[in-house]
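Note that the chains are named A, B, C and D in the order they appear, and that numbering of residues resets to 1 at the start of each chain.
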Amino acid sequence: MIQKEKRILMHVGPVNILDRILYAGLKNNVGFTSPEFVQAFQFSLKKIRELFQVDKTYQPFIIPGGGTSAMESVTSLLKEGEKVLVVTNGVFGDRWINIFKKYPVQVNVLKAEPGYYVEPETVEKEVKREKYKLVTFTHVETSTGVRQPIRESVKAVRDYVDLVVVDGVSSVGAEEVKAKDWNVDVYLTASQKAIGVPPGMGLLVLSSNAIEKLKEEKSVAGYYLDLRNWLPVMTNMEDGKASYFSTPPVHTILMLAEALKIIIDEEGLDNRIKRHEKIAGAIRAGVEGMGLDIVARKPEAYSNTVTGVLVKKVNAGNVLSEVISEGIELAPGVHPALQGKYFRIGHMGWVTENDAISTIASIERALKRLGEDIKLGEGVKATQLYLAK
Amino acid sequence: MIQKEKRILMHVGPVNILDRILYAGLKNNVGFTSPEFVQAFQFSLKKIRELFQVDKTYQPFIIPGGGTSAMESVTSLLKEGEKVLVVTNGVFGDRWINIFKKYPVQVNVLKAEPGYYVEPETVEKEVKREKYKLVTFTHVETSTGVRQPIRESVKAVRDYVDLVVVDGVSSVGAEEVKAKDWNVDVYLTASQKAIGVPPGMGLLVLSSNAIEKLKEEKSVAGYYLDLRNWLPVMTNMEDGKASYFSTPPVHTILMLAEALKIIIDEEGLDNRIKRHEKIAGAIRAGVEGMGLDIVARKPEAYSNTVTGVLVKKVNAGNVLSEVISEGIELAPGVHPALQGKYFRIGHMGWVTENDAISTIASIERALKRLGEDIKLGEGVKATQLYLAK
Amino acid sequence: MIQKEKRILMHVGPVNILDRILYAGLKNNVGFTSPEFVQAFQFSLKKIRELFQVDKTYQPFIIPGGGTSAMESVTSLLKEGEKVLVVTNGVFGDRWINIFKKYPVQVNVLKAEPGYYVEPETVEKEVKREKYKLVTFTHVETSTGVRQPIRESVKAVRDYVDLVVVDGVSSVGAEEVKAKDWNVDVYLTASQKAIGVPPGMGLLVLSSNAIEKLKEEKSVAGYYLDLRNWLPVMTNMEDGKASYFSTPPVHTILMLAEALKIIIDEEGLDNRIKRHEKIAGAIRAGVEGMGLDIVARKPEAYSNTVTGVLVKKVNAGNVLSEVISEGIELAPGVHPALQGKYFRIGHMGWVTENDAISTIASIERALKRLGEDIKLGEGVKATQLYLAK
Amino acid sequence: MIQKEKRILMHVGPVNILDRILYAGLKNNVGFTSPEFVQAFQFSLKKIRELFQVDKTYQPFIIPGGGTSAMESVTSLLKEGEKVLVVTNGVFGDRWINIFKKYPVQVNVLKAEPGYYVEPETVEKEVKREKYKLVTFTHVETSTGVRQPIRESVKAVRDYVDLVVVDGVSSVGAEEVKAKDWNVDVYLTASQKAIGVPPGMGLLVLSSNAIEKLKEEKSVAGYYLDLRNWLPVMTNMEDGKASYFSTPPVHTILMLAEALKIIIDEEGLDNRIKRHEKIAGAIRAGVEGMGLDIVARKPEAYSNTVTGVLVKKVNAGNVLSEVISEGIELAPGVHPALQGKYFRIGHMGWVTENDAISTIASIERALKRLGEDIKLGEGVKATQLYLAK
């Protein structure tokens, strides 16, 4: 029972949250005009620029909701009839299609098999073949853990489309992201992923090219997710002036500020990415050490944040509840093509070496008990040897 | 400095939050599939029915965002070309117009002068004059504190329109609300108002008539705020099954469950409404006792949650910062027609008699210091005599 | 019910604690050798010097327990057969007698009537009459709220006794305390009083004269409260080195450090004393405004921290529960000579003007309901006029 | 840096505290007369009986301080000149000697070599040889992790001495304790050990035989630690009546109540002891798996709560800081006879299988880096195989 109560959340978001971050939201008397809040918002906007590696030419946004609402807010940049290309490696790549289909724009799609990504050359061919206003990529596809080579992908299309959009929901804060160097127009993430804050907000940075679009009066966007409505709030807040469009999640933003302080000012973004890299490697070593396969089919597709694990004999669904009793909560597999065949280990946010070793040890014990064909003790030993390198 | 740190937030949302509610969100390892979360969501849905006074024929929704996103989600019920009537008494009534204008529907408007509401007979006349698919009311107009006589207003239109929608953002949890008895199709509120939870969510109940509309495939709505996408999450969660459309604000929902437990099971909804009534009366007694006028022009328009206060000599903007130094944070006036002439006292959520007396005393001292023409000591005495009745 | 839940603790300790201070103790993994703890302890020792207005010639101590254990630790300075004089104005002055009687020392007593203090001249006469090793004073007698003129009292005896000890339990942090200037050998307080930390610790400063006594091997003290055992912990900790005698209340010390940071570095000790003075004055104005008398019989005996209030018709015991239902928790009267005739208002720690006005208003309403003969509304008005001065 | 911030406290007290317990103390307005506090105190007293496995014939005490003050309070049962026997296996057994030497009683001592305990027969021989009023045992010697076979030891002396006292500081809540069945007169522990609460309190149960002693007026005890002063507080509090002798650590007692609720009502005492047994076994398996020796020289002396680990080449002091950088905080060795040769792993309170595996893995990596001669990966594998049994 204590094991369950203290369980480690190796999920894909929300993830385990550092107590300091939770406690930063413990304010019973802070409103949206309160100085503490304005200060936290202002600070967060500045630090978001560092998080996405952009400068003053980019405009950061913090909008209520999460990854999906942040994605949908991209409709603020589109006009009726415009053509968009969606490059998708799984469920969350497909989500762009579902969003755009609700609007009067044209959508084309390039889709990869599960475990693979769409090759940059394939995208390049398509954007040369047809003129697109906007193309979307998914940096890390949360449903499979596959990482798109995003620098190369953006490079391949940059000269042929007006707007390049990257969903960095499972990458920002854990993978290398250089929105300005790579000349991305919209890079976005959500608070509950690799930056390790409770859910409730999407974060975006927009290039000056994208901001220009907001100056045009018309777009296909609705009201709440029209970035035009949020833009003056962002610029005022960055100037330290309380500003209102619709009530923001005040307490979650207080926590966001604390998280960004830790990420940028205390841990350092480079150290953070290296930590994620090491933990991810240790977890994959453990998975392979116990004798199981990874959903991402080749090392170039491995991500720092999510590892899909294929099971052989047991039903993947049963693994989750068995592992919870060992004190680890994992994420279910959600890719329809692999139903019941895999589960996901989320390893992002504030994940440590202790979390890695506990996760592999717990999975081993749970799988053994369920009758899966694994080498008990070898996974955890492999993780340990990897960490000791 | 201590006075400022301990200040009481007499704002219009977020308001002072009971510590127990904040602490209910202190979970560093709860994800959207975790049993604690599913349980809190399930519990909240059941209690929301009691909060809005509806039964199983109504479907409750908890969606990320706030009041505005909840309002916009009503577009899920509308098809291209349909006609809507907006009845507005101020800034937040007008917001319906801004929302609907983004969609291919027709909007007509009935508007009241600041301090007044649109008379039910006026609305009745209009819905008889022209056929509307949907009409919206604002129960309490947050910008002025004016309360619409909602029971009578709904009655006046009920037979003539298909869908009746009430924005209960500043009323639910503090004013009498009987969504089913009054036969309202959509009644909505936001977490940070009279139910006293941090911001981040809109709450709605939909009548079976409204739910029928969601079964039709088409609507003008976008993706994130299309209630069709959230409906299966709500029904699954009410059955105790983890379900996903887009990551909900997990921690805020844990707090919501705690708040609803207190509201419904501990304080009792009737007691809560009576508490709000008493505090509101005491605050108005104090305002009048010190010699100032209230924005709402007649007692029938007084609300339990917001009181607009007109100043005579001083600039209303200066009052806020002066009162903060006394340990009370108020809300600015936002109605464009009364710019600089009034401020707002929010008195909702967990507000007590001690808060009332402190608020009036602080306003008195601040106004005196600013040179406003008030009777020092008489406001606080009037509040005290009102409370002692 | 909400009023009760949010009640303001106008008690004599523990008192209302600033949330920031409580949150500073929220550490689930800090032990007595952890760097965070050593740092907090070190910081606290340094700030305690400022709190008592002493320099490096004085040695601060933080020992587990509270006021009583701190008092008893003074036995570390006494040898068998030595003679002590206790100057007492009430229950807590008398406590010195109870302590010393347990040890092989001789105790003489000077006692004041309730509401009065022992005049400095009376004490001077006694120490001239007989040779004492040690004399104890109580700065503010918690049981009645009577303040001893401590500067004058110490001056009156200083030349005639070896050790002067002051119980500053209800004064340190709220009244002027100048341990070094006044040449006091032991000044002590407890964490839960005017410095507003949870209970669990006594704080003391010892002059070099007193520290010399600790170098002698023998004293009448026991083991746990023998300051000899704690001295090396204090000096090591001040040097930043983890050190152990018996496990300290780690989390309460983390909170102590936060409180001292606020007191010394943020609010400032002078501002803090002025705040207490103002609130105390406002509360006494309210008490007299409603027509009641104060236990301390003359203004020179009024304290900044505790006000005893005499009732006329009602039983004082009934007042407490009635006032709790108004959202204020007071302290019972405990002086045996005034049983049932008075209650105490504690106004120390983080008390604000809002707390003062709420307290007086609540007492008025409660007393009116109980049938006490008071002028409803006049107390709260008097408090308001006092605050507005 | 994150690894350090999230470190697991494998110390001997305070230990890692369950967040729920910390949060139970988050009350900014609870005083020692507040109903919440009286209720928590009352509940704790009742549950302490279950914790020590005694019935109504035993009297539980909660007194401020910790293990040492609880030990010293036993002087309340002794009169001048009485003879006591101290049975000691290390530093904390010796502490009894230091305490008693401060009082006018006679002390004899039986002492074991480090790693061993005094055999019950040896004690039996001594109490037959000479008449003792009181004999003390240490259930688990915290300095070495050696467990005394307490049932047999008490049995061996029971018929020959008046009072049998057991220091259960590192055992109660983690080892089998049956104070009544074994006919122990005083069994005591401290809040920060195996019951996993912050430090600040000692807990004791006294047999009716011991309580009888308190009815006699005289004892050698001082004032603060004289159980006579605390007895009426305990009986009143158990009856639900606020009662005062000296201010108790209110917030820590709120946490104690939460901990006891979890221990007794949720986890169950038997499950808790089994959990400790399993974790202790897994940790010893890991220590031996990597090739190191344990301080306790034979399996009968192994405890469920503390494991001393002997190092071969490296200085034990260096291990601690190296392991902290891996995210685990251990306790230093403190037995003077083994200075620099061992460190201690505390595994009590809320310790889980994940903590065990992380601890062994971290120690392995740290020792490897320091150049100790260990088999990297074999310790963690041995722990895993032990846990999977």
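The criterion applied here is as follows: a residue touches a chain if its C-beta (ideal position, glycine included) is under 8 Å from a C-beta of that chain, and two chains touch if they have at least 3 such contacts.
For clarity, every value in this text was computed on a predicted model and none was experimentally measured.
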item: Maximum centroid distance from subunit B, chain identifier (CA atoms); value: D
item: Pair joined by more contacting C-beta pairs (A-C or A-D); value: A-D
item: Rounded Å distance, subunit A centre to subunit B centre (Cα mean); value: 33
item: Mean-CA-position distance for subunit C and subunit A (Å); value: 54
item: Computed distance of Cα centres, subunit D from subunit A, in Å; value: 46
item: Multi-partner residues of subunit A (at least 2 other chains); value: 6, 8, 18-19, 23, 26, 28
item: Complex contact set, residues of subunit D against subunit A; value: 1-3, 5-6, 8, 18-20, 266-267, 271, 275, 326-328, 350, 352-354, 357-358, 361-362, 364-365, 368, 376-378, 380-381, 384-385, 387-388
item: Residue numbers on subunit B that touch subunit D, as the complex places them; value: 19, 23, 26, 28
item: In the complex, subunit D residues that touch subunit C; value: 6-9, 11, 13-19, 22-23, 25-34, 64-69, 72, 75, 98-99, 102-103, 190, 192, 198-200, 221-226, 244-252, 329, 331-332, 334
